[in-house]
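Structures incoming, each one as structure tokens.
Both complexes shown next keep subunit A, but they swap its partner, so subunit B is in the first and subunit C is in the second.
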Partner chain A sequence: MISSLKHYLGVYRYFVTTSVSEALSFRTSFILLVLMDIFFYFSVLFSVDFLFDHMQTIGPWNRYQLLFFICFMLNIDTIHMGVFSSNFWMLGFKIRTGELDFDLLKPTHSIFICFFRYLKPSSLLTAPVAWGLLIYYGSKIGLLWYDWLLIPPLLLLGLSLLCVLEFILCTSMFWLVEGMGINFLRMQMQQMARWPDFIYKYTYQKIFTIGVPLLLIGSGPVHFILDKSNWHYLAGMCLAIVISTLILVKIWNKALRQYDSASS
Partner chain B sequence: MQTYLLKWWQTIRISWSKYTAYRLNFFLQVVGPFLVFFFIKYNLWSSIYEGSSTPVIKGYNFSDMMHYHIWTLIISLLGQGYAAMNLSEDIRLGRISSYLIYPFEFWEFHTAGFVSFQILQVFVSSITLCLAVFFGFIEFPSLSIILTGFSFTLFMGMFWFTMQYFTGLLAFWLEETWIMRVLLSIIVSFLSGYIFPLELYPEWLVGALKYSPFPYMSYFPAKIFMGQEVNLTLGYSVLTFWIAVFAYINHLIWKKGMRLYTAAGM
Partner chain C sequence: MSQKVIEVINLTKQFKSYKKKPGLKGSLQSFFNRKYSIKKAVHGFNLEINKGEIIGLLGPNGAGKTTLMKMFTGIIVPTSGELTINGHSPWERKKEFKKKIALVMGQKSQLWWDIPAMDSFLLLQKFYELSNQEFKQRLDYMSELLGVVDLLHVHVRKLSLGERMKMELMASLLHNPDVIFLDEPTIGLDLVAQENIRAFILDFHKKNGTTIIITSHYMADVQALCKRLVLIFDGTKAYDGPLEKFENILGNEKTVSFTFSEEIPCCGYLDEFHGEWNEGRTSVDIRVPEENLREVGKKVLDLHPVIEFNTEKMPIERVMKTLMTNPEVLRAQRDHANLPA
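Let's look at the complex of A and B:
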């Protein structure tokens, strides 16, 4: 177990090194990526802020509670963008061109090599902005010391749920010729999760909390941070991650069996 | 002249086949995002109006707000497509070498592709409009409003295309032009009134945007479709000015880019 972990960490170290060198070779793109993320953060925040100039609350939350939620989701987005997002785009390309063959031959699990291979180091520069915003709005809603301690593990919990759901969705690329549409669908899933669960009507709320647990990604942790009696959200998230992982493994194996290499 | 027009016609036909070859992909990539965004906006505004003490926010009741968002959905489908997406790839992978010897220029090929995409989008947005009317979300506007709105939106689509063309041409210098495209989308969504009507923005910002192209990309055409009085001359003038600016910039970039171009793989 430990030697296997060491092996994977060693491989991942190389993934990080090659991604950093690649990103730094194209400096203008690197700077533009940072700018793009920062523009995105502020456009989302200002949009919500402008809305609150005309209302006191949205659902049960006031301006700062909702902005804290938005920042929580932006932090999940930042880690997701840095660690995973490029891999989803590359997967479609690799399946279409048959390049996936080379990945499947490598001595690591195929899920690991397909979804952890490419990183975006530009997120390292935007992450402090996202943290700063989270800390600012967290202090505005008066978080206590243990709330601050809860934030990192809850971010990881939300990120894990988002990623497992996206991994499942992306396996459909094995059946489709063109994976671009699936990536757009994946981005729409993220869009939906960027708003708290209570804005959705009852039926949709149930569908996207129980059926496809998208709304748990950010709403679960933030509901819990704001009110500790909402622990059932976290239980639901853990359960959703376990069930989704089992589904992922099953579908992934099926997808690999049906993969028909384009290059061989 | 006839041969020249035939080239355009054939290119439009080929592009049409390309766009419609993977239908599910087309739906997920082009129609899906706007539908999901509308779904979010519908839920968000339902929740806001249910919890609001006043039924009118900045002159909009719930029904007006939904009308506005349905029209922005149709406008986005009609005028803000992804037609120039492959342009940068053509440059980066050295495929423009072919256009240099073809009797049909690079801009002509991509503009024909844009025309084809627009024709397809007229169908898609017309179906969306009919569905919105059928399910009672909006009433079918008068013919003159439809014609005015559609022509303005298609004109705005031309501006969107020149901007997309501009980001595509940056591939002469940039490795990844999708970043510029996404950056542009973020700015346009935020400043055009696509997320919510500009009346909800601070007045200083709306004032500052008056002569920029942004309000004319969602807010202004939505107002036309909603039957409200707008200054069409101003709208067309501002967009014409910006189309001319970007067309000229694109011309300069192309000239400079061609001097730099090394034709990868040749």
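Let's look at the complex of A and C:
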């Protein structure tokens, strides 16, 4: 177990190194990507902030509570963009061109190499901006010391749920071959999760909390931080992660069995 | 007793595909009403390969060579049949199995395009859990033998095809695999690069006793590397045996070429062989039974002003050409001569 973990961490270190090495080869593009991410953060925040110029609350949350939620989701987005997003785009390309063949030959689990291989260092570089915004709005809503301690594990919990759901969705690329449609669907899923659960109507809320638990990703942890009696959100998230992981492993194995590989 | 490394019993692989008529109408039709067909890429394939052998897997485009290679390496899963490589079922994709095999595809790259090859090698070192000493030793050996020491830190996209192919070979062999699958490793390379790659493969095989299965459309690769050939046509094995026997599959005649200092008038001794003359009748290729080679050569030299003559260097190329244009010949020859299949 320990040696296996060491092996995977050793490989991952070089995923980081090679991704950074590649990203820094294109200097202007790298700087533009950093600026684009920062622009994205502020455009999201300003558009939500603007709504509160015209109303006092949205659902049960006031301006700073909702902006704290938005920043919580931005932090999940930042890690997601930096660590995972490139892999989703690459997977479709690799299946279509047959480049996945080489990944399947590597002595690590194929899920690891397919979804962790490419990093986007420019997004990770903007993480301090996202943290800064989260800390700012966290202090505005008067978080206590234990709330601050809860934030990192809850971020990881939300990120894990988002990723497992996206891994499942992306596995369908093995059948569809073309990954563009799946990737746009994935982005729409993220878009849904960027808003708190209570803005959706009852039926949608139930479907996207229980059926496809997208709305738990950010809403679950923030509800819990704001009110500790909302622990059932976290229990739901943990259960969703376990069930989704089991589904992922099952359909991933099925996908690999029917992978045809493009002819050379 | 030699140890079996690869055992294949009745292996079959089917692919589902559909055909689309050209143009917008065809696209719309195929969008709403797609007619799939099943193609048997490989069927009823049997094979046994012993440790340390170098096997040439030959066949025309679309015969099923690459499909076989992909099944051998566990990339794709067979529809039916049994397959063991070094005691493993490839499609279980176990770590121990993956560490013992390597696949080189001449038409695909595993190196990262936008970074130097050395960065990819360091990543591979971690993948295969190689110690620094092993890694350095193998990297030095291969880079020196292939003459690419100065190119290790150059971005892969800046390398020539030949240089990139050498790096691909290094990337695939760094972990010292027991079985290597080479799928057209010299495709598109110039003659010098082809020779370098062949020499490297031979040296690696000699040093490590590796089992190698190679596919190539260049008969020079096969001639230089393989003692045993497996021929595949339409997904089934058509020949499995020694290279020399394959060269004589269409008979034991040799092609001899003569070039003369002046035009040779029609209807002399040489015309008895129904050879192929050039337009000016200053050179001819004739087919001569192997046992008469000496006698015929001597007679032509005595009769005509020969300035150059030679026998064909690669009879395998002629045999392959004939079989690819008319595969039925092989079946007829096999039935007649009781050749192995």
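Simple rule for what comes next: the second predicted complex is superposed on the first by the 263 of 264 C-alpha atoms of A that agree within 3 Å, B and C clash if a C-alpha of one lies under 4 Å from a C-alpha of the other, contacts with A are read in each partner's own complex, and residues count from 1 in each chain.
Keep this in mind: contacts are C-beta pairs under 8 Å (C-beta built on N, C-alpha and C of every residue); 3 or more make two chains touch, one makes a residue touch a chain.
Small disclaimer: the values here were computed from a predicted structure and weren't measured.
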Worksheet item: Which partner does A:A235 contact after superposing on A: first (subunit B), second (subunit C), both, neither?
Response: neither
Item to complete: Return first, second, both or neither, reflecting whether A:I58 touches subunit B, subunit C, both chains, or no partner chain.
Response: first
Discussion item. Just to be sure I read the superposition right, which of the two partners does A:L149 touch: subunit B = first, subunit C = second, or both, or neither?
Written reply: neither
Discussion item. With both complexes superposed on chain A, which partner does A:L246 reach: first (subunit B), second (subunit C), both or neither?
Written reply: neither
Worksheet item: Given the touch rule stated above, what does A:I210 touch, subunit B (first), subunit C (second), both, or neither?
Response: neither
Worksheet item: So, A:S261: does it touch subunit B (first), subunit C (second), both, or neither?
Response: second
Item to complete: Determine, under the contact definition given at the top, whether A:S29 touches first (subunit B), second (subunit C), both, or neither.
Response: first
Practice prompt. Scan A:P107 for contacts with subunit B and subunit C and give back first, second, both or neither.
Written response: second
Worksheet entry | Per-residue contact with subunit A, leading partner among subunit C and subunit B | B
Worksheet item: Which subunit A residues are contacted by subunit C in one complex and by subunit B in the other?
Response: 26
Worksheet, complete the sentence: So, in the complex, the side of subunit A touching subunit C is made of residues 7, 10-11, 13-15, 17-18, 21-22, 25-26, 98-99, 101-102, 104-108, 110, 256-261, 263-264
Worksheet item: What residues on subunit B touch subunit A, complex-wise?
Response: 22, 24-29, 32-33, 36-37, 39-40, 43-44, 46-48, 51-52, 57-58, 173-176, 179-180, 182-183, 186-187, 189-190, 195-196, 200-202
Response to the item:
The answer for subunit C against subunit A in the complex is residues 15, 66, 70, 73-77, 91, 93, 95, 98-99, 101-103, 105, 107-108, 110, 112, 114-115, 119-120, 122-123, 126-129, 155, 183-184
Worksheet item: What does subunit A use to touch subunit B in their complex?
Response: 26, 28-29, 32-33, 35-36, 39-40, 43, 46-47, 50-51, 53-55, 57-59, 176-178, 180-182, 184-185, 187-188, 191-192, 195, 198-201, 204
